[in-house]
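Both of the next two complexes hold chain A, though its partner changes from chain B to chain C.
Moving on, here comes the complex of A and B:
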């Protein structure tokens, strides 16, 4: 195993406890949500039909059929996704700052490893990407089980069965699990670019401290401007792009922004970093 | 040879190093001496490219430091630089994973000598044992040069004796050593060369033999002359 993979493995190991907590939180909250929402619907149906003498047709007319979208759109389902996203976003900063400010100064050891310092940068970025992809994989794996549980709890005549592809195209799920491979790659390339830009901003701050904070803000603003420039130009109709042209341009600019982030980081890590 | 050529370093308005130059040869122990804040640690960090310098040049065996150089030079700082959740064994495994020149036999010998328990977590270690672990991790690399920052700082007399013994037995095997310390008495007999720093400049550079033989003074005497006018 080369040093890059060892470092990726090491970074993942350091995040393991928090990561397992996020997985547990997602599983517990989402399955609880399926149970709570399903049973509450069934309980209301039983109450209206058997205690208040409402016909099944009347109940369905009034309340609609239960479907999984109601659960997928609930806080039970969305909260763990939001919490995980927030934790990972915070970890983008923590993965660097911890090495400077924890009880140990592990950054000394990392920078003295007999490997390119850019390897450390890529190992940290890859660890973040793998953590995100791991949580996405978890969601894809547990979704069929959640659907089965929903079908088990709600009688067939009270529910509307929706294919899993339709669930994946719903709200937040459509963003985190895009419908096509191309969209998936584009979304996560954009995410990786964001991680690289934030890492570079962190390195600016670590190299130049207060001045670096200012430089980091300027740098982030410049990167965002470059990336969204075609979309802005198209929106205010200065230039009209065909959708394919716009996507191609965004891909090229995304790669330019990512390349610039890596190049600047390499320079900072090699020549300017201070511990 | 480590060659430090006219290096200057400024932190904000404060000039920490001004045109500092010295050399440290293999097989010699060079001691950077000075009161607090004169730039000793900054010099070591600059040699390891852990802090950028504003001007000047540093060469290790005629080469500017690069990734492979870390296989021939090691820095032993005065604080723990391994994650505190690690056990001593895990810290050794980490080093073994990344450094081709890790010497497990020496690590085991040093652990035995220092009476370190490999299952102890770094977070549980006393300051003295942390220094010993630092020393064990640094000296278990088969390198040509060792930089040590205040290895005796805040450590009890018995640990100091143990560390001084290790410095004597393990460091002088053809290695070039640069050491910073206040506790000059502990290692004065080991030092070959002294670089006296004050306010970021080199006040004096001399071999201990030279002052002993020609002036009949110890390093401590020279320090007193410089720092207690």
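Moving on, here comes the complex of A and C:
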């Protein structure tokens, strides 16, 4: 267990530079977005009201009140989230491949550690999960500050104040920070499953090279098929599920897919891996 | 501890912020606008079986709310399993039939 924690720490530390730049990028772009969007609204209000002689009520009727969702739905806000997601998705692959293609084959040393090789697998997977959760935590921490900044920049009679839960209740934000705790757990369990499946696919490729790539695609397709089987059954109208049945079924299927991923990886790491 | 510093720091930040957020989120829903049916005249009894399915919308955000003689209840206030079983927007009495008849309205999309 001790080795596991050290390995997770090691993986996190290796990603730290890129991670800090993602954090900086998110903070800079999102706060800039808040300032730009708020000021452009206020500027337009000023020019319409004081230069074109529109009344306040008329202006509000035409443009609507400013609310934070307009900012949270803008590219200023969403682009850093999408960039971070892309980088981490790429790093899911890089976290393995960098060990193979680094100088003097670092994976060799990793695999020689006197510990179960599955420990390395889980350490890498947990590191990815922690990186994602860390960025979510960042978003949650900076959001109140962004809201205050918005309230500072837009006068009270031109804005509509919206509770934080509502700000987070739409678009991508509703997926990465769902409204209830239980949904949060389910979303990130599904995410963890995805990481396990991709890791196993990578190991297929690493074990059998070009043939492995083919196997990896087949394996991913099979995993996806198992996971979305209930939706397919419902779509071709063989059997329909109530939402509660569907969720229980998906949890079970998710665990099956995850279990299969870990079991196959265990086999590959133990018997088939080549450096 | 010193050798797993990055991990420990990150884990603490994650637990504190996400934990706080969900505690706050649960509390904030209680502060959503409340609706009730005000009696002006007439018989109380008539209103007891009435449920209004409504949607509160703020900006691009909308949240289902049910208004009855007991006041208003938001979908978010329900527990996770209740949310899944709820026919919140459609009909309060649906659940009764569902319990009675196993396949009642199975596979019917229930949107407004």
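One rule holds for everything that comes next: the second predicted complex is superposed on the first by the 273 of 275 C-alpha atoms of A that agree within 3 Å, B and C clash if a C-alpha of one lies under 4 Å from a C-alpha of the other, contacts with A are read in each partner's own complex, and residues count from 1 in each chain.
One rule holds for everything that comes next: a contact is a pair of C-beta atoms (placed from the backbone, for glycine too) under 8 Å apart; a residue touches a chain by one contact, two chains touch by 3 or more.
Note that this is a predicted model, so its numbers are computed, not measured.
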item	value
Partner chain in contact with A:109 - chain B first, chain C second, else both or neither	first
Partner chain(s) touched by A:137 [first = chain B, second = chain C, both, neither]	second
Touched partner set for A:54, first chain B, second chain C, both or neither	neither
Chain B versus chain C as contact partner of A:256, first or second or both or neither	neither
First, second, both or neither for A:6, with chain B first and chain C second	both
Contact breadth on chain A, by residue count: chain C or chain B	C
Partner chain in contact with A:184 - chain B first, chain C second, else both or neither	second
Chain B versus chain C as contact partner of A:274, first or second or both or neither	first
First (chain B), second (chain C), both or neither touched by A:242	second
Contact residues common to both interfaces of chain A (with chain B and with chain C)	6
Chain A-touching residues of chain C, taken from the complex the two chains share	3-7, 10-11, 13-14, 16-18, 20-22, 24-26, 28-29, 31-32, 58-61, 63, 76, 80-81, 83-85, 98, 106-107
Touch list for chain B against partner chain A, complex	45, 48-52, 67-71, 74-75, 77, 79-84, 94, 97-100, 122-123
Complex contacts: residues of chain A adjacent to chain B	3, 6, 10, 14, 102-106, 108-109, 111-117, 207, 270-275
Of all residues in chain A, those that touch chain C in their complex	5-6, 8-9, 12-13, 16, 67-70, 73, 130, 133-134, 136-137, 140-141, 160, 162-167, 169-171, 177, 179-184, 234, 237, 240-244, 247
